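Each structure below is given as structure tokens.
In the two complexes below, chain A is the common chain; its partner is chain B in one and chain C in the other.
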Partner chain A sequence: MSRLVVLCLSLIPFTVAAQDAKKEIEKYQQMLGEGSPAELWELEGEALWKKPQGPSNASLEKCDLGLGAGKVPGAYARLPRYFKDTDQVQDLESRLVSCMSALQGRSRAEATKRVFGNADTPSELEYLVAWIVGQSRGHKMAAPVSHPKERASYELGKKVFFYRAGNWDFSCASCHGEADKRIRMQELPVLSEPAGAQLAYTTWPAYRVSSSQLKTMQWRINDCYRQMRFPEPEFASESTIALTHYLAVTAKGGAYRGPGTKR
Partner chain B sequence: MAAGPMKMRATLGSGYTDVRVLMTHPMTTAQSNQPLHFIQNITVKQNGKTVVEAQISQAVSRNPVFTFRIKGGAKGDKIEVSWLDNKGESNKIESAVA
Partner chain C sequence: MKILVMAGMLAAPLALAEPTAREVQDIHLRDFHTKGMVKKEAVAQDAVQRICTMSNDRPSAEVAKQLEADQMRSIAFPAGSLLGDWKRGENIAQSGRGMTFTDAAGTPNGGSCYNCHQMAAKEISYGTLGPSLQGFGKKRGADAETQKYAYGKIYNAKAYNACSQMPRLGWSGTLTEQQIKDLVAYLLDPASPVNQ
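And now, the complex of A and B:
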């Protein structure tokens, strides 16, 4: 009996401590977000957007991100989407590569030579992405699914999300398909449901404090595949764009808050 | 290498001015195999008068953010924040209190 009492009493401080820990983590995340180095990436990205480059010595200022040539505010909240000129559904990064080819005269191979940078030398795409997504802060997520190719991309992305394979027989849903799961102190939102998708998608791309780098959505997906022990996906491939599209559509209505700041 | 951008926000509270400043810097420590490279001095000026002089070391993170609370101040005050690193490189930013 006395042992039972001791057990019950010892459980109370534990739950209180867990709640305190959660509150402390929220406080920490809020502090991280205030004055995030992501803002420095945004500044560099804006300068890069306006800088003439490539064989055509042109800037990206006339790049059409879906709302018309050079229209950046709110564009990211409506990506991925179908683009008539390339006849495919594109996410932000693949669209930027298209613009680098079309406007700056650069080859795809050259433009994608270094898609993920490191802390010492970030990649061009990381800078550009930071600025462009920042121009959608406060915009409600509204990735379209009206074009037949957009519907097909959404359906493919959904399939990819639940597709189990690899050494561990994992799918995205293995970690992100059930409520109240976490890895260490990192909560795992259910990305197949609007609430979870909104929570996660609206804070990516993000600055990672632990690696001092701004990480793009293509990197996020690439690294999830690494964690699941899948073969490395090709940069801006049909399936990574489809998966991004599925997540963006599921996050519909959530106000964009990025670029975010993560541990 | 030219110093990367800085960003600053200076806002007026009641009886104080809050300054938040972001700096681009590698802040290389002795643990990496690269040459030591870190900010050593930070100076904050309010209308040209030095109000904060700080000496920092490798213990500070890459791309650091600092906040300072300065007594008094008024809208439109000129705040200047500058840094100097161990290689003699420096950068500064200036903005008006909003």
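And now, the complex of A and C:
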């Protein structure tokens, strides 16, 4: 009997096996989303936002994420954006570092000494990011491009997206430039078009099951460059913020759903 | 008044001047740093990368021809048979290790072939960025000319298609001469699962 089963199974064409594998992966992803631990990161992040810290023993509650001091709901859906006080386009992570410095009196070096955590010890930024992005759930993506520096950032981000370099000659578009492609079983959204950018951007940052950790957008970009065989990008540098800005603007109109859950 | 404001908005330039290729490169050189085995200078573009980026991967036929001829000269074709061991080739095709800023120096690199290509029918976890190579040798045979084409294509894909998305695996130092020969055997050997 079992031999018959094996025989039958081996007769199933491989395309069917591949489709089954795809269905199983989809089922797995759905199950992951239903039981996501991202909520725990959000709770911890809210507590950290309100906790007095640093030489000034102040909380981040007066941090201006673009909508005014302390206004968090919907702020992430309107980032990156230009900030007058720093005269820069900033993404969420770089803005948080500015607030840590301005409100809490912390140095940039101290605030960024551990930007990516691990499963044992997450980074403070990962907790804060989880809570802040969760406060934009249901908000439509609307990163602005009206200030001249925002337009320049968007244009640079687009150039960064298509810039081929490194030992393997890749750009972001090498993997995210054509529809219906995948690496191994991983499907690849076209990030230079609204549908693909919305799919990806509205579900990042995300809880990554394979590393038991919440990962930020700066981490996502860092790890893409690692796999592209580029050298390491500087945390919250002009190019990574510009790239994030380009993706956010391209994702315009998509309802934010994060933090997401990924394999 | 409202109309004036709107007219003003419409008159405003919608896009600033785009940064030049040189400016974009300088920004990359400033914003990336050496880590592990990957040197920061790797973000500077060579002729292939620069021309492909600027032309959206569609250079004129003349420029493409010139680039391909230049890249062809970079290929060191070994003398004799280019058929290595397909079993070793299979491991190289499966492995995606190496060349990242977190890889330890000294670990053998893989070719990451399955990331983008379908090959053996039994492997269902394959990427689709590149064309399917299933039955590659069955269709073409394994004569000296086919061996040379497969070796050259793996060594430097840009010698055959200037703006190919495939990495220059020999040229970049990712794979050794022996590893490429093993991959050629994996593609061409009639006993290889690619041709079953």
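As a convention for this text, the second predicted complex is superposed on the first by the 239 of 263 C-alpha atoms of A that agree within 3 Å, B and C clash if a C-alpha of one lies under 4 Å from a C-alpha of the other, contacts with A are read in each partner's own complex, and residues count from 1 in each chain.
Keep in mind that, in the parts below, a contact is a pair of C-beta atoms (placed from the backbone, for glycine too) under 8 Å apart; a residue touches a chain by one contact, two chains touch by 3 or more.
Every value quoted in this text rests on a predicted model; they were computed, and no experiment measured them.
**Q** So, A:120: does it touch chain B (first), chain C (second), both, or neither?
**A** Touch partner of A:120: chain B, not chain C.
**Q** Per the contact definition in the header, classify A:151: touching chain B only (first), chain C only (second), both, or neither.
**A** A:151: touches chain C, not chain B.
**Q** With the two structures laid over each other on chain A, which partner does A:167 touch: chain B (first), chain C (second), both, or neither?
**A** Touch partner of A:167: chain C, not chain B.
**Q** Count the residues of chain A touched by chain B and by chain C, then name the partner with the higher count.
**A** C
**Q** Quick one: is A:68 in contact with chain B, with chain C, with both, or with neither? Answer first, second, both or neither.
**A** Neither partner.
**Q** Go through the superposed model and pick first if A:44 touches only chain B, second if only chain C, both, or neither.
**A** first
**Q** Looking at the overlay, does A:226 come into contact with chain B only (first), chain C only (second), both, or neither?
**A** second
**Q** Please report the chain A residues shared by its interface with chain B and its interface with chain C.
**A** Of chain A, no residue contacts chain B in one complex and chain C in the other.
**Q** Which of the residues in chain A end up touching chain B in this complex?
**A** The touching residues are 34-37, 39-40, 43-44, 119-120, 209, 212.
**Q** Which bits of chain C are touching chain A when the two form their complex?
**A** It comes out as residues 14-16, 18-19, 24, 27-28, 30-35, 38-40, 42-45, 48-49, 52-53, 56, 99-102, 114-116, 121-122, 124-129, 158, 165, 167-168, 172-174.
**Q** Any idea which chain A residues touch chain C in the complex?
**A** The touching residues are 14, 17-18, 21, 148, 151-152, 155-156, 159-160, 162-171, 174-175, 178, 180-186, 188, 225-227, 229-234, 237-240.
**Q** What part of chain B is in contact with chain A in the complex they form?
**A** 4-7, 9, 20-22, 24, 26, 34, 61-63, 65, 67
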